[in-house]
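Presented below are the structures under discussion, each in the form of structure tokens.
Next, two complexes with chain A in common: one pairs it with chain B, the other with chain C.
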Partner chain A sequence: MGKYVVKRVLLLIPTIFIVCAIVFILMRMMPGDAVDIIVVRMRNAGKSVDADQVREMLGLNVPPVIQFFSWFGGVLRFDLGDSFFQADSVSEIIFRQLPISLELGIISLVLANLISIPLGLFCAAKQDSLADYILRIFAVFFMSVPMFWIATLVLFYPAKWWGYAPEVTYYSLFANPIKNMSMFLVPGILGAIGQAGTQLRITRTMVLDTLRQDYIRTAYAKGVKQRDVLFKHAFRNAMIPVITIVGGSIGALVGGNVILENVFNIPGIGQSLVTALGYRDFPLVEGCVLIMSLFVMIVNLIIDLCYKWIDPRVSFD
Partner chain B sequence: MSEPILQVKNLCTSFIQEGGRELRAVDDLSYDVHEKECVAIIGESGSGKSVSAMSVLRLIPYPPGIIKSGEILYKGEDLLKASESRMEDIRGSKISMIFQEPSTSLNPVMTIGNQIMENIMLHTDLSKDDARKRAEELLTMVDIPNADVRLKDYPFQFSGGMQQRAMIAMAMCCNPDILICDEPTTALDVTVQAQVLEQLNNLREKYNTALIIITHNLGIVARYADTVKIMYGGRIIESGTADDVFENPQHPYTIGLIRAVPRLDLPRSRGLQTIPGEPPDMASVPANSCAFAARCKYACDECKTKRPEGEMISDTHYCACPRRELASEERKEVVVH
Partner chain C sequence: MQFWKDLFKKKTLCGICFIFLILILFVGIFADVLAPSKMVNGILESSLLDRMKPPGTAGHILGTDSSGTDLLSYMIYGARTSVILCVCCTILSTLISLVLGILSAVLAGTFDLIVQRIVDAFGCIPQMLLLLLLMAMMGNGIPQMVIALAVPAGIGGSRMVRSAAFSVKDSGYCKNSDLLGGGFIWKSVKHVLPNITPLVIISAAGQLGGVVMMEASMNFLGYGVAPGTPSWGYLITNQGRDHMFDAPWLCLVPGIAITLLTFCSCMFGDGVRDILDPRLKGGVGSYNSKKLKKVLAKLSAKEEKSGEAA
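For the complex of A and B:
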């Protein structure tokens, strides 16, 4: 087990290198660059610069291979470089915005699991009942409608009918927990319901599948009550595939929910990444993508270790 | 003979298929089981033998399965009328069951020890520690060495034979009156089959447990069974002591089954004998006909329109075929003296 973890952690290094290389190349392949924007801006501000000066200032005048290795060398020293447009370094920006996206993501994730797993079990236990049908219709509905549409409705109608709108100024959770929650709760719920729909259906299917297994029949033959069969025998076996889905969604958390962050004006990393892409802010985009992929890799490692905890048959040797 | 501990009377179990078609998996089945008796129920796949056994413990999944009528009397108490909580008391305690595939019948994410202890703690007042001691005794009883260590193993760490013995240990934890074995050896190697059967037989001697063995292995039956029931199309078509059925088979289907057992004493050129045709689709067999009629070379028109009356040939021997005399030639051929 220890050996396995060490091996997986060491494997992160080449993976990070590949991620860095791909995002670096893709950014350079995009048409247009930050230089033009900066030149225009500075001229408008009354300074006469030419593109070469700006290029030199941004470090874009050397060959791309050298640019890459000097950037990657920085990455290995935990230095992600400086943003082309913002005064702060990339690390500072990410460090400031990542927790905001994470908070939204964690609220969504916790709510999604609290909603979907108990309801999934319930639907499986009451298969084909009216409640099962209604819950499944809701699940499909929330899976299929686009989030921006629900988000807009949720922002618009309460304001129109009751004059209520969620907080739009960001306060840190520790500075002002009430205002923070009143900002995050609504987008958190919206983020949760889409995810919950998918997870409810998976949980239901997996529990139903598990309930058809021979060992469930054995449990009944031992005299185990139906409720205990469901919780003690079926649930853990059914969770093995569900964990995979939950794991995938944890990875997506750090990417931030661009739509929800935009609609509810939450200054998270998703919003920042989209803006940086528009401005061709190479170091910031590269830094964001790198941190997101690193997060996904670490979450996947943790999920893989969780399998062992849930399913004793999993072996790492 | 003493009072039977289990009486199955006119049991009918059906499955309702899509579109409302009814499949009579068990059709008017009756048999008795006495203390310490080993009853073998024989039949091919789909003959209703497993369904009849599961019906005894009311383990038929509903829907689509439903026990339509009949009585299952355990020491005089009708289990079909018992409450669900009463059934939970009986299952695993008074009447236990083991299944065909030990590898899938054990919960893969629970240790063997926990699975055995669960059964013990459900039906006794033993503390967790005492239950663990009892589980250890049970594993030792079924010849699993280092039982204290093996309790912590998961099913996948056991071999097939050990898994089945662990199932037996689990089923025997409350010294049940009846142990139903649904094809207990089908998934096991031949050498392991013998060990498992020997184990079951020893337990029967030691604890006076009655065994209901469901199988299509005639070898098992000839060696261990006191009474034999041959099932076809959800009905018992012949029953009797092992000697009655093997020494003097009456029903053409029974004769066909015995003929189909490969014989080392006959020339190889005889080839493998088969019963022509296929097992019936139970949904399309008319209730008032002999289920075997379509495959029976002695069948007449009446066999297809009238349900054959069963008759007692001797005190113990029952057969449901009015035309059984026609099979006398074939009968002589299959009986080895």
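For the complex of A and C:
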């Protein structure tokens, strides 16, 4: 077990390197850069600056390969560089915004699981019944609604009809828990429903798949009650692929958060990523993408380690 | 043939969704004929006199937008954009995943190791962020959108193709092909490819739905089709959101269209998987206590009958 964990963590390093390289290459191939924007801004403010001077100040004058390795060296020392436009370093900005994005993500994930797993089990137990069909059609429907569209509708129409509008000013959870929750609840639910649709279908398929195994037939033949077969024999075995899918959907959740944060004005990483991308603020964009990718990697690692706990047959050696 | 029979008989809803998809495809292809107002030099005909007409106005069934463009025509041309994106993305991403996956499996060794590390890394970057970076790099437009959507999806899908191809590669006929002197291209095309086709079709059908949705989301973030290209997502972002109260149809109609198209694609993809996936076919069937009791009742009735006859 210990050996396996060490091996997996060490394997993360080449993956991080490749992710860094991909992000870096994509960023440097973008048209336009921060230097032009800074020069224009300074000129509008009445100061004349030399573009080369700005470039040197931002460290963009050296060849890209050297830029990459100095940045990657910094990443290994947990130093993500300085933002081109903001006074704080990238690490400080991310450290400030990560909890906000995490809160939204966790609310969505918990809600999605609370909705999808019981309903998925129910659908599998009542396979091909009317309730099963209706729930599945709703699941696909919720997966198909574009999130930014429904979010905009939720933001505007309740305000017109019932005089209700979700909070769009951010308060910290500890400073003002009620306002914080009233801000996060609506985007959390919106993030959860699409996710829940996907998970419901997968839970159902996997439980059904397990229900076709021989040991389930044996259990029925022994005279075990359906409830016990479902929960004790089928559910636990069906959970492995379901958890894999939950892990795989973390990426989609992070992506969905980018949209929700922009609609509901939540000052998380997604919002600052989109803004920074517009300004070509290379270190900030690279930092944000790297942190989100790292988050996905770590969640996947934890999930792989969870297999052993769920399924005793799995061995890592 | 059996496939189509199954699709319409066993999965009626999927059949309906399939018909709807075909309809959208035809609307996209014959947009020039179907649309009430025509596209002139890449711009839809419009008249400022008809600004913001509500749905049901004579000549404008779905109303008009803030520059007097007929919404129905806009939606029809938008369907063309969606169709182009869906078809091109699915084909391109399937090709990429096939080439990468089969090469990885058949060549194996160092090539496989390197490619899999890169595929892993791509898998770690959330799709939305990768799309944002790619679109920011290439600029707005339909071809750029196709590449940005298809490349990450293709790279992600290659993993599934690889694992399927691996299991085929180790089977007896592939080894015999090796012994008979078949090269790796011969082996890939003649032996591996036909055996993983159902899987590839399933994954391609499953991808259809995501494309329209992603395109709309990217439009919302400002990295979508080029301005002026009729697109449902673009309409919501640039007109619908500004006129939520005075012209709600500008937001509702394209949103419903996107939802419907995605819904139908998902349902169709699902149906295709249910029919083609060998793992879901046949087997011992599903058991629950009710069914089992019915079967038992039948059996005992039969036994009684045969007993009486004897």
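Operating definition for what follows: the second predicted complex is superposed on the first by the 311 of 317 C-alpha atoms of A that agree within 3 Å, B and C clash if a C-alpha of one lies under 4 Å from a C-alpha of the other, contacts with A are read in each partner's own complex, and residues count from 1 in each chain.
We take it that a contact is a pair of C-beta atoms (placed from the backbone, for glycine too) under 8 Å apart; a residue touches a chain by one contact, two chains touch by 3 or more.
This one's a predicted model, so the numbers in the text were calculated from it and none came from an experiment.
**Student:** Would chain B and chain C fit next to each other on chain A once aligned, or clash?
**Tutor:** clash
**Student:** Is A:236 touching the first partner chain B, the second partner chain C, both, or neither of them?
**Tutor:** first
**Student:** Contacts for A:262 in the overlay, against chain B (first) and chain C (second): which applies, first, second, both or neither?
**Tutor:** In the superposition, A:262 touches chain C alone.
**Student:** Which holds for A:58: it touches chain B only (first), chain C only (second), both, or neither?
**Tutor:** Neither partner.
**Student:** Does chain B (first) or chain C (second) touch A:106, or do both, or does neither?
**Tutor:** Neither chain B nor chain C is touched by A:106.
**Student:** In the three-chain superposition, say which chain, chain B or chain C, touches more residues of chain A.
**Tutor:** Between chain B and chain C, C touches the greater number of residues in chain A.
**Student:** Tell me the contact category for A:19 with respect to chain B and chain C: first, second, both or neither.
**Tutor:** After superposing on A, A:19 lies in contact with chain C but is clear of chain B.
**Student:** Is A:220 contacted by the first partner chain B, the second partner chain C, both or neither?
**Tutor:** It touches chain B and chain C both.
**Student:** Taking the superposition as given, does A:306 touch the first partner, chain B, the second, chain C, both, or neither?
**Tutor:** After superposing on A, A:306 lies clear of both chain B and chain C.
**Student:** Please state which segment of chain B collides with chain C in the superposed model; the candidates are 43-51, 61-69 or 295-303.
**Tutor:** 61-69
**Student:** In the superposed view, which residues of chain A touch chain B and also chain C?
**Tutor:** 214, 217, 220, 225
**Student:** For chain A, which residues count as touching chain B in their complex?
**Tutor:** Residue positions touching the partner: 213-215, 217-225, 232-233, 236-237, 310-313.
**Student:** Could you please specify the touching residues of chain B with respect to chain A in the complex?
**Tutor:** Spelled out, the residues of chain B in touch with chain A are 57, 59, 87-93, 96-97, 99, 101, 104-110, 118-119, 122-123, 154, 156, 167, 170.
**Student:** Which residues, counting only chain C, touch chain A once they are in their complex?
**Tutor:** So the residues of chain C in touch with chain A come to 13, 117-118, 120-129, 132-134, 136-137, 139, 209, 213, 216-217, 220-222, 233, 236-237, 240-241, 244-245, 251, 255, 258-260, 262-263, 266-267, 270, 279-280, 283-289, 292.
**Student:** Taking the touch rule as given, give the residues of chain A at its contact with chain C in the complex, in rising order.
**Tutor:** Those in contact with chain C are residues 14-15, 18-19, 22-23, 26-27, 29-31, 125, 127, 137, 140-141, 143-150, 152-153, 156-157, 160, 201, 205, 208-209, 211-212, 214, 216-217, 220, 225-226, 251-252, 254-256, 258-259, 262, 273-274, 277-278, 285, 288-289, 292-294, 296-297, 300.
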